[in-house]
Amino acid sequence: MVDEVKVAEKTEKLESLRKIDDNLRLPSVPERIAFPKEIGVSAARMQTPAVGQRATRPDGRMHGLGQTKYIDDMFFPGMIHAKIKRAGIAHAKIKSIDVSEAEKMPGVMATLIGSEIPVNSFGPSLQDQPLLADDVVRHAGDGVAAVAAVTEQQALDALDKIKIEYEELPNVFDPVEAMKENAYKIHNNESNVYATKTIMKGDVEKGFADSNFIFERTFTTQMVEHVPMEPHASIGQWDANGRVTLHSSLGRITLGRADIARTLELPINRVRVIATIVGGNFGGKNEITTEPIIALLSKKTGRPVKCVFTREDEFISSTTRHPFVMEYKTGMSKEGKIMARKVRLICDGGAYCSWSETTLGKACILSAGPYNIENLHVDAYAVYTTKTMTGAMRGFGAPQVCFAYESHMDDMAAELGIEPLEIRLQNAFNEGSASPTGQVLEAVVVRDSLEMATERFGWKEWQR
Amino acid sequence: MIRRGKGVGCMWYPIGFTVAANPSAATVKVNEDGTATLLTGTVETGQGSLTVLAQIAAEELGVSTDDIHVVSADTDTTPMDTGAIASRTTYVTGNAIKLAAENAKKILFEVAAPLLDVQPNQLEAVDRKIQVQYFPQRCLPIADVALQAQFVMGRPPIGSASYNPPTVGMDPETGQGKPFSTYVYATQCAEVEVDDETGEVDVIYMSAAHDCGTAINPMLVEGQIEGGISMGIGFALQEEMLFDDKGRQLNPNLTNYIMPTSLDMPEIDVDIVENFDPTGPFGAKGVGEPTAVPTAAAICNAIFDAVGVRITSLPATAEKVLRAIKEKNNSEQKFIPAAE
Amino acid sequence: MTDIALIVNGENKTVSVPPETTLLKMLRENLNYTGSKLGCDVGDCGACTVLVDGLAVNACLILAAQAEGKEVLTIEGLSTLEKYHPIQKAFEDVAALQCGFCGPGMIMATKALIDQDQDLTKQEIKDALSGNLCRCTGYTKIIEGVVDAYQEITGKKIPATKPRVA
Amino acid sequence: MKPFDFIQPTTIDAAILALAEHNPNVRILNGGTDYLVELKHAAQSPGVVVDVSRLQDLRGIEIIDAGLRIGAGTTHTEIMADPLVKEYVPAMIDAAHTVGAVQTRNLGTLGGNLVTCVPSMDSGPTLLALDAKVIILGSKGTRQSSLTDFFIGPRRTSLEPDELLLEIIIPKENLGKPASFIKFGLRKGQALALVNAASALWVEGNKFKDVRIALGAVAPVVMRATKAEALLEGRVISEDLVQEAAKIAVGEAKPIDDFRASKEYRNDLIEVGTRRTLQAALTASNIKN
């Protein structure tokens, strides 16, 4: 049954391949960079006026040719690789960290722990997050130590040799539980509630009293990850003038630079951040992650240091979308006009503040929906829990509250026997409507969008 | 049995940060051949912002998109920018760029005016020319003016500017204030098929009508909307980070964290609602985030329409939908009077 | 170390790597073909899709040594100095790629599909791309790009999907 | 990945010798779509890895005396495109089609899918419903095994470290037997099975004959729902009977509760899956006749 001929052919082919390549082996031949010499430009790019054109993207061409250099595609002479040890335990006091065994591992060039970082805290509104936890671990993805080694595998192998003694602390996973007075205080504050927002407009109680029907419903949403296809990555290079250059997948470099300079106690002009192209952000790459760590590892080793998140790092240690608990109470007239609405939002803020305050603020303002509501009361709370931190993500709380207010709307429409499109048109903002914060709105096109989307859908003709 | 339903979700969304300053700065350098280089500190994260920003600079200078080269994302060489966040790039950075280009153009107009025998404020930049308003026959190629400015007049046409959206702080007690400069509006409609034996939800069609002010590049706006919908579908039906009782994530990988694949995407029709915001660059606002906002609402409303169950906790997994259907059936049976 | 002789983008190569080296790692680090991306390293995302003897595979799930003697085509081998590949052109024209990280994998999966020379439907295109995750585009413009490229390359038409409510 | 020694035999005999020589610190690599993932996460080196992906003799689909022989190294893509499979066991095409995505199917092999022996394997139910046999070669010789004996537990088979799965044989009497496969996952593309099921049956007159129902992801290994089969055997075909069999199948399975789905939901899917595959097999039978 053995196909002798086939096997022989294969061997011959291999041999000939080897022979041909022997000639090439000595001088290293640079790889061919294959791109067409002359590609035209789409007409839309050449047109004036420029606005409104379906202009093609020069960067899009590079992506398609595989020529775009993302951070992980960059290699510098002498570059080594860093990996981060994750706590793997959600809430604990760190009693000791021993990196001595790890340092003896083959290929390891340096280690770093939190206490070696000049200012080991950062965050866009509250600086409550350590770069590497040195005192308390507050979620399982918290970094506790870093290793730089010649190869990624050596760095990974060394992580296993880091010894950390923990003293477990109580976990608080549920934001509603975390709000309670007797809940364990994750940041030693008076309360786990670290941000509150309120909106009051009109008189809600009177509005409910004037309503024909009152509807109440609680909605919840889940924790979601951004999943950019490119995991977080950065390369740090410390130079002889005490300047550090960071190639990073950061989406906001100017503010990132300030954070990095602050943690490293460097003047801002000694930090350079280059972001090239980010392989997907969605809010997840708006904060520094490992940049100061690799800057310090580069300083320690005198080499460029690269750190690329594994997909697991990406999930457990980067920010995520806030889970929300949303209690809605709405008073309606029998004709379907919203008379009053009361909303209570509890936002699971995870282990650190990150962008929670912003998220809470937007969610709070938007929670009434694009509808005229004269009597409104919204209370919103961001709460610490011992889970992966939540932060900026496409929509800052808006997808959560929109799910709630629009589901609620259809519930009420069904009860009142009003068609879903009609009830929306009846309550939607008009030109000059006052927003929940009293802002006079201009260029309002809620109705236009409702009519366009439903017309395209074939809403009225649609049959089950 | 497969049951079909339709649902609608409507939303509003602000552009830029809540009250807090979120400025952008930009520099536009017109080269001596009439092309230009744009310096911006924003980062291209995939949305096509660099192309849109080039279009804004080009429009202001009266040249084509291809005449603009964009340099971005390097703190040593590019000016301050708050970054690719809060759907702010087209509006805030775009405004800064428009102002910067305006400043560069001002130099060109001042140089061209005596050559064309008019005042600078009588000029406009159109089709790579600097021409007299209402008398376009009198014109000079922008290249000639730029060359003249740089080498004869010694005034390189470079303009810099910054922009920060105007807001009014919110009252801490009542939240009253003007937290944002502007808002966008959108509606999405979903058609779903629900298998009432398994709870599986198949989104088969979505229409989306989004306001973004002027669409600087409609093709890229469509791309944002379609992408936002996919993220919205994941949020509505599939995605969830799950933890064990010790707080460790159970599904930290793309095998078990379920996000939409090409097979999970419906047919999508996108419409851009015509609108013009006088405060935005050429009437533009933004579109990035809002695209992911109303999708889950539309889908859950369509599920409600199809099988009569209200999903109150996302994601609306097949398991949850089936459980809700069973609960509904059970409670309906309970209410059937014994006599019947 | 194992010596591996293979053909990459039409050129003979011999590379010496440890046996546990994946094809992806070898392409990126030993041969500097960084077009194929590492997105998950376990075959879920498809960003590392390359063609091995014409078949689309995840380069992270095949050892370099398993590719010995085979022909590997990466994104860098698609266009030539003279010719812009129609798939890449179609993707550019419809702005199919946003952040672009999934792009090389998407394009290689598309190449494998179109090379099969079969009559395709939109559903079959979606099926062929289901191993390539994309977070930016919702796949819509990517599929549009594939349809355009398919029609350009084969001269065939994709059957129109049935129109919605009249 | 931890370093390991790598052997690429060019003949099956050489592969068996290599396995025997390095037993027990030896593992077989073929398509690698599962094993390489395992290796990447492994804390220890496997020692020696024997790559059998070059063995042409492990591949191929042909009709032999015993039935349809499918080489263990045949990829899912090859199965999907094979005219013999299409003619005699079309349900296998549906099953192969649900394995991962194109990239997985181009590398992943039928043998690999069986040997990996995860409860949610997509090839298992159809093969079990068709009473497929596996042929195994070791240094002590060749042996044949039923799939029921072959599957021992999650990620455990009766394969010894020095043995190689050679081929899968679908018995002659079951070629062309009306069969159907269904899979329930958490999404449409690249899904792991929450539950999968396959049914195969003959229709004699208006009665069920030789009914086989196999369920995946509902027990430590892919299993037969023998009580449900027994209920149907020789009885007059009816919707009610199919429904009753589906309910019995639920009682036979022992699905787990995990983060992907609850036990209750899996039970619901078992019922629906069993019913739908039986109905589809009946439809296939009608079309045939």
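Observations on the structure shown:
As written, the chains take the letters A, B, C and D, and residue 1 is the first residue of each chain.
Rule of thumb we're sticking to: a residue touches a chain if its C-beta (ideal position, glycine included) is under 8 Å from a C-beta of that chain, and two chains touch if they have at least 3 such contacts.
Every value quoted in this text rests on a predicted model; they were computed, and no experiment measured them.
For the pair chain B and chain C, chains touching both partners: A, D. The most central chain, judged by the distance from its Cα centroid to the centroid of all protein Cα atoms shown, is A. For this structure, the chains sharing the highest number of C-beta contacts are A-B. With centres taken as mean Cα positions, chain D sits 47 Å from chain B. Between the CA-based centres of chain A and chain B the separation comes to 17 Å, rounded to the whole angstrom. Look at where the CA atoms of chain A average out and do the same for chain D: the two points lie 40 Å apart. Inter-chain spacing, taken between the CA centroids of chain C and chain D, is 29 Å. Counting partners per residue, chain A has 10, 54, 56-57, 59-60, 227, 277-282, 311, 462 as the residues that reach two or more other chains. Along chain B, residues 45-46, 48, 205, 219-220, 228, 231, 251, 253-255, 259-263 each make contact with two or more other chains.
Shared interface positions of chain D, i.e. residues touching 2 or more other chains, are given as 1-2, 101, 188-190.
On the chain B side of its complex with chain D, the touching residues are 197-200, 202, 238, 242, 250-251, 255-256, 258, 260-264, 317-319, 322-323.
Residues of chain C touching chain D in their complex: 2, 18-20, 22, 41-44, 46, 49, 55-58, 60-63, 65-66, 68, 109, 112-113, 126-128, 130-132.
Residues 41, 44-60, 88-91, 139-141, 171, 173, 197-201, 217-225, 227, 250-257, 271-283, 285-286, 311-312, 315-316, 320-321, 358, 361-362, 364-366, 369-370, 378, 386-388, 392, 394-396, 398-399, 402-403, 405-407, 410-411, 414, 420-421, 424, 428-429, 435-439, 441-446, 448-454, 456-457, 459, 462, 464 of chain A are the ones touching chain B in the complex. The part of chain A that touches chain C in the complex is made up of residues 10, 13-14, 17-18, 20-22, 24-25, 31-37, 39, 42, 54, 56-57, 59-70, 72-73, 75, 226-231, 277-282, 308, 310-311, 458, 461-463.
Only residues 40, 42, 44-45, 94-95, 98-100, 125-127, 129-143, 161, 164 of chain C touch chain B when the two sit together in their complex.
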